[in-house]
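Please see the structure below; I have some questions.
Chain naming follows the written order as A, B, C and D, and within any one chain the residues start at number 1.
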């Protein structure tokens, strides 16, 4: 049990809007990327990865966005389909925009970097007219990812999704996912993150991400509870603030404070931790688990994914997560 | 008496953010503009004109925005000063952006057009870092004009103003002022107008402007009361919907419906009606008049301005408005 | 007699490509422009003014370029027609581009400035497909103005004109007309001015303009003869280098060095001197006068124009120039 | 012996300006690219590949251009160094521009496609101020590649190279390398290709590329000799026109017409044929071989490269080419 009430009797459990991209992971790791000769391509992009995580857990999922009209775009859409994700609301963009690319670099498990290709990127071309009100009405939950707010017309498409979700009582999850390189300034980011957060039911971010959101109106605050309370005056019911290796804390509108479990492991790389966490955490909440149990699922899923070469391909099933928890530390 | 409660004991009555531009009015009128040989330059721009109207009525006023670093920018700032408007928050832009120009064309009193120069326009260069939280805290009322939402960074600067105004209980007036040529699409406009309107106490627009705002979430609605009620669920106390020559109707959060007076006159041109109306209406509300009396002031001020060659230069004093009303129809 | 041989038996004497714009001259002068209340509109733009000068001298002229689809564009095209200039190759641009504006400021006869509106300017929208090979073939002379090289697609349209002119033996005059504010860098300017100058028969510029052209390949040269000689290795027959009040010097491919007359006057403003000079000088060359006589016509025409309020409206007839020369100093 | 006379006693044999990029070749071929899971990264970009070809043949070479300040940029510069190519004139760009990417797709040996990443691409950021006059002066030959003319500031940098090369008698090779997707229009391409070709000593292109160059001034011509002759009136000594599988024909200023050898092979893919041809052909000319012998080297080098998985890595040595010719058909 938790404090969220989801709609019943709709077609879809979960839809996400935003970035579906390609990761190119070096096959030769623990070295500077320029010395890696070969790369494996995977689906990438935070909301796409979270959707894959949800699908791997057995949920009925769909994706809203744009893909390029080229082989990499076809790979993205084919991959989503192969994971049983509905792509009826994925538009093939004809403007010549390109699939976002992320070349990962794993110098060591703790020293990971990304070289991003985000110029004229197709995921930010999703527009208001791509958004189907019925699709959002027919989903129990909508996930928005902060990066989709970084530029027009995607920014406006996200706000349209939020309007439709509030109108039809679709639960909104906001994964802050702040990536400074996609934004013009921290001030601009702060403005749009706040406007979006006002419309969301569950907000998930790091302490640093919430600091960025408060830079204009409450720049000195470091108090999680003050941070969370602001959003309870709008539509939020749960605010999760992540403190890195110290773990995450969930605050509820009703005054609850829940500290999440952590499962330290030796990672292959740090990528994918946040997406796998979010996917399993949301799964838990949507399936009536307590917030504490949901956070445990999230932490276990993250531990599994950082131990793997990929993000999307490694998203675990519920059995795999349960097994991991059962066997952890043994 | 009306339903608005303004702060007391602050430095300033009224500040506005947005467009301060130059109108070039043909001296030879009632012909196509290409046949006009000489032009007179006036201050233009809706929020600047409303501020001039407020200043002419004796209010303590200030302006927030950017002006060009050239003779036309110096004209704008000098003109504001000459009307006793505080310009301490007007930034001289150094980027090479240009003062907006509006060449008016008066083919006949009813057939008026504008040729706008809005490329690289300086009024849309105002940015979040230009906004002084103290300045907004120290004003009883803030006016925002919809055109300032048309592009970044001005769009974000307006949202920063709204954040500060709500934080400090500064009353916010929203003059919708929709000018399609400054926007990429009606969908985009609708998104930002809605986000801004949620934060405002008084919203003033035409029926067509409210239709545009409702195009995504309530496209078939033509019912003023349905329109107004949406905003009372956010922060609005008064919503004024203008129906052209039929006059305006004000709706209040408390359920009031007030139909405004109209003063038909033979106009020289149609420009300036909305700005003079807004200025005198807000003046009335800020000075404890009833909504009905405030609307009468607005209508009379508009009738005076459309009978004149200019907008800004023609903004009347309170005595002139009172005289007009007393003598109207005699 | 001079060293240029023009085609015979073609329809047109002279066509120019480039900028046809609007000047807004303050009626109240000898003060900062911000203090001028009224402005008179005139045709502006160097190649348009030179064409007006040629037409005033009785030549068959035409113009190649784009005008805005608004009252100011209609003014430009109507004005050209009123001066008997063929506008069959003037395209009405539908992209929303704007007529270039020049607000003149005359603080004193020697202290004159311009505030330019050149963002999204229509004259730089002329494109290769606008250029009619037959039109250039059927003209004795083509004038190109350096400003038309400042950006694409106008830049490419000028090079297309040059290709056609060389192919059909149309005499090419190059008025360097360097205006730094229209260019990204001096290096870029130098590159394109050199590429264009290689194709021209007569090149007219100031010493400073030729310095800019030589900045990459001969940066220390100040020797006019070295400057001129470079172009005689390509297609040039005459190179005119202007030294401000000291007058101009014409160099010929055959080794001639001709110093031009000067007619000092008390000017109203400095604008228009170059255009009126170029127009009368080219007129002389096209009508079989010597270079010396042609330079005298140019200098007299310039003296007349700087004594007037406008540029285009003041372009003199041949009789007016002859009278001026006859009476000068009496 | 051939009709080119190269400078002696300079530091460098050959420098090229333009594109140094990354090719990502699928390891699983003969299928749509979206079905390829892994990719190998190679140096790509026509002028870079030609320079690698020259270096493999033992010439002293250097490269002029910009690389990204990221792992892919470091790969490019490290690879050039590893092939003994001087990189003292390769600038590390700090603007955030990206290494060009080419994802190859080999559906079958004859059905090969490329997905290009060319938005905000670093190779087009090379600018006039990057060009070192001494570097060009100290090279016997300069190669320019048409793609470097596709946008500013690279376009101007190429013209600066051409100015310096002509000034210092450095032999200029022009590899037309027309890639429509990098250009705004065929008209624009034609304009700049013609302006560049006027300055070049040897011009190499396909019949289709020369058709594009002639689209404005000689649109109906299909006669190779007419095409070649135009350039002999400027600076050209050799014009090579390629007719696909029918082979290439070289025209000389002195009237020579030389038909090149062809070595049909079963290719792995079609990529790299042009670059390897150009490299070996130029090598032959610079080493005193006849045009016919040089063309034979070029054709053999191309046959070797199309039989390999990569372009740059496969560039053959002189011995390998000689062996191939000796053994061909046996």
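Worth a mention:
Everything that follows uses one rule, which is that a contact is a pair of C-beta atoms (placed from the backbone, for glycine too) under 8 Å apart; a residue touches a chain by one contact, two chains touch by 3 or more.
All values reported here derive from a predicted model rather than from experimental measurement.
Centroid analysis (C-alpha atoms only) places C farthest from chain A. Between the Cα centres of chain A and chain D there is a gap of 44 Å. If you average the CA atoms of chain A and of chain C, the two centres end up 60 Å from each other.
Chain centres here are Cα averages; for chain C and chain D they lie 41 Å apart. The set of chain D residues touching two or more other chains is empty. Chain contacts in this assembly form a single closed ring in which each chain touches exactly two others. All chain pairs in contact, by the document's touch criterion: A-B, A-D, B-C, C-D. If you check the complex, the residues on chain A that touch chain B are 127-129, 152-153, 156, 159-160, 163-164, 167, 184-185, 187-188, 191-192, 194-195, 198, 216-217.
By the touch criterion given at the top, residues 24, 27, 32-34, 36-41, 70-72, 74-75, 78, 98, 101, 103, 105, 115, 117, 119-120 of chain D touch chain A in their complex.
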